[in-house]
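Just below sit the structures, each encoded as structure tokens.
In the two complexes below, chain A is the common chain; its partner is chain B in one and chain C in the other.
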Partner chain A sequence: MKLIQELLESLAEALVGLGAVMRFLLRLVAASPRALLRVDLISQQIYNAGALSLVIIMLSGLFVGMVLGLQGFQLLQRFGSEEALGTAATIGLVKELGPVVTALLFAGRAGTALASELGLMRATDQLSAMEMMAVDPIRRVVVPRFLGGVIAMPLLAAIFSVIGIYGAQLVGVQIMGVDSGSFWSQMRGAVSLSDVNEGIVKSSIFGVTCSLIAVYQGYYAVPTAEGVGRATTRTVVTSAVFILFLDYLITAAFL
Partner chain B sequence: MRKSRTLDLGTGSFVLLGFAALFFLTTQTTSRGISLASPPHYDLTAKFDNIGDLKVGAPVSMSGVEMGRITKIAFDSKEYKAVVTMRIDARYNQIPTDSDAAIYTQGLLGGKFIGLTAGGAETYLKDKDQIDFTQSAFVLENLIGQVLANFTKSAGGQSDSGKSKADAPAVAEPKPTEKTK
Partner chain C sequence: MSYAVNGGRPVFAGLDMDIPRGRITAVMGPSGTGKTTLLRLITGQVRADLGTITVAGQELRGIRRADLYVLRRRMGMLFQNGALLTDLSVFENVAFPLREHTDLPERLIRQLVLTKLQAVGLRGAAQLMPSELSGGMSRRVALARAIVMDPEILIYDEPFVGLDPISLGVILRLIRRLNDALGITSIVVSHDVHEISTVADAVFLLSGGKVVARGTPQELQSYPSEVVRQFIGGLADGPVPFHFPAPDYFGELLARSEDA
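Showing the complex of A and B:
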């Protein structure tokens, strides 16, 4: 009996959390139009979230693409259709690996930075100080970071996919000897614009999810050193779970 | 001021790179791409009854050595034939005029490519020349249809002679069944 009650309570707790996040999202969206006027703030956050994540994204993209090239070649060779490697690698990267791996890396690289920055602002009372000065911290601090992440994510995912395709090409064509013309021409014949679209939609949704979780965790962090640490950890864990869950949903919706 | 300039530069180049990547994904991986400057070459054409799923960019080879690529596939509405334009590397400028071109498949499920077989003529193909002897793509459905048609025909004539007998006329006389269609 007690167990059931505890279970129900934790379920209610989770629902309350979800509701609070959604309310926070509405607040951010409501504050966005006016925050958009401060282009300089948003551009700085695009730099923080996007440009600073570029190195890790490009390196990971290269290696993911190279692994796809190797594995795809091994698999396709069994059916005697190595030329389909370009198609296989591109569809895999554009639709699935690009958005998902980018989002996971983004949560680890930019999401944690956002959460700890905001958490530390909370812990050192900078956010309260802004409120005292009649500056809305949501509009001045939170929304630019949120929008920066939302804008940066699809761009990062696209860069990841392109580098990945060249990684697969490097291994498949240069090392394994797949015909270069077949690699590209079969890819162009088989990959449709809707595949690319799916990737863009996915990475945009992941961008909103990751940035939202990061700023929420940071903004509502318990104002202690431990609280900031916990907010950072939670950002990564929650983002990862939600990315993979949403990935399944979006993929199913696009079928 | 200077700090914000470098920052803007970083943001700007990141956004530019991102959009360049998006552009690449939407144009280069899906539709026909813009080909880069190519080494010296000459063009040949060939007309086929059926090219199957031959695609632009597929290789053209002779004796298994790649000599060029297919650059264009068009349709001749007078002869109802596919006109395939191929770009041959200028190194291989000694292809006899009576050579023939056939469409083959790479592996079991692979893409199609054109294989050239050298003829015996003393004169060689030049730019814009046409290869007259062609052999269409092997279309699996047609072949299965022919085998089935022959099989039912021979099974109707004789009672139950083994498979080997039913297979033999399918290969030996594919013409009559084609006409009955």
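Showing the complex of A and C:
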């Protein structure tokens, strides 16, 4: 009985938390039109969230693609269809690994940076100072960071997938000896626009999710060293769980 | 006015203050008496539970966010740690309110910012980042930022904490000079008795959520109140107890030894 009560209380708490995040999202959406006029602020945040994550995204994409090339080759060879390696690797990357791994890396690199930056701004009274200067911190600080993340994520996922395909080609064609023409032509023939669309939809939703979680955790961080640390940890953990959960839902919706 | 944090222990109960226009008013009191909370109430960051707060003729109860922001443009606030925006240079920090609230041409913004930085003696530090400044310099930059929109009311939250004697002297002089030159109404929250007495025109002493003394710094020196005598004299024990409320000392010691 006590266990059920505790479970119900936890569920109610989670629902209240989700409601608060949704209300925060509405505030961000309402403030977005005016914030979009400040192109300089948004582009700065796209640079922070996107360009500064490029190296880690590209390196990870290359290695994931190489592993995919190696594993895919070993598997397909058993059935004598190693020419289908291009198709297998591309579909795997564009629909699944590209958006998911990029989102996980984004949460770890850009999400934590966003949460800790906002948390420290709260702890050092920078957000209160803005309010005192009659400047809405949501519009001036939070929305540009949120939009920067939302815009950067699909671009990063696309770059991850492209580099990943190159990595799979590098191992499959250059090292394992799969025919280059077969690799590319089978890929072009089998991968459709709907596969690419699925990847775009996933990475866009992950972009909104990761950026929202990061700015929410940072903005409402307890203004202490411990509070900021906790907000950063929560950003990564919550983002990872939601990315994998949403990945399943979106995949099911596209079937 | 009365205020309690989240409906809990009251911070203020029946607080009554009238801050004169165009003068330097100090709000003093022991740590934990709610001096900073009072500033948050005056600036509309938190709302009073009971009673009214009127700032520059504007009643804060039920004020809309947009109206509050309009009112705040007439106020400047110096935070305890300066609260400079760490991703902007000194120049950009001071220019921040101008860029956010006006469409002034860049040349004019530059002139205004340099004028304010000159007033606080930091024109030469315009291109430095906040991380390159000392505590005193940060506070002077924050002061330049607070006056860049020419406010009617300037609020200082513990402006003397952690400053060396030179920086402290500079800040004291600036508070006096800015008040006299610009005709600003200044509210200084502090517990530094000596420093306040050199600069304030009037002092309110808070304790237990109420004003326990008011007058000029000189009048407070001979105020007939135990609390005031303890505070001005810096006595460890008195109406404001040295010990935080706790159960009987020996009783607790014995109970612990029995547990062990």
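Miscellaneous remarks
Throughout what follows, the second predicted complex is superposed on the first by the 252 of 255 C-alpha atoms of A that agree within 3 Å, B and C clash if a C-alpha of one lies under 4 Å from a C-alpha of the other, contacts with A are read in each partner's own complex, and residues count from 1 in each chain.
Keep in mind that, in the parts below, a contact is a pair of C-beta atoms (placed from the backbone, for glycine too) under 8 Å apart; a residue touches a chain by one contact, two chains touch by 3 or more.
Just so it is clear, the model here is predicted, and its values are computed rather than measured.
By the touch criterion defined above, A:R140 reaches chain C but does not reach chain B.
After overlaying the two complexes on the shared chain, residue contacts for A:G69 are found with neither chain B nor chain C. Look at A:G111: by the touch rule set out above, it reaches neither chain B nor chain C.
Of the two partner chains placed around the shared chain by superposition, chain C is the only one that A:Q126 touches, whereas chain B remains out of contact. By the document's definition of touching, of the two partners only chain B reaches A:M187; chain C does not.
By the touch criterion defined above, A:G149 reaches neither chain B nor chain C. In the superposition on chain A, A:I46 makes contact with chain B only, while chain C stays out of contact range.
When both complexes are aligned on chain A by C-alpha atoms, no chain A residue touches chain B in the first and chain C in the second. Listing the residues of chain A that touch chain C in their complex gives 120-121, 124-126, 128-136, 140.
Contacts from chain C toward chain A in the complex involve residues 43, 45, 69-70, 72-73, 75-77, 79-81, 83-86, 96-97, 100-101, 142, 145, 149.
Taken together, the chain B residues at the contact with chain A in this complex read 4, 7-8, 10-11, 13-15, 17-19, 21-22, 24-26, 28-33, 53, 55-59, 66, 69, 106-111, 113. Partner chain B is touched in their complex by these residues of chain A: 40, 43-44, 46-47, 50-51, 54, 79-84, 90, 94, 151-152, 154-156, 158-159, 161-162, 165, 179, 181-182, 184-189, 191-193, 195-196, 199-200.
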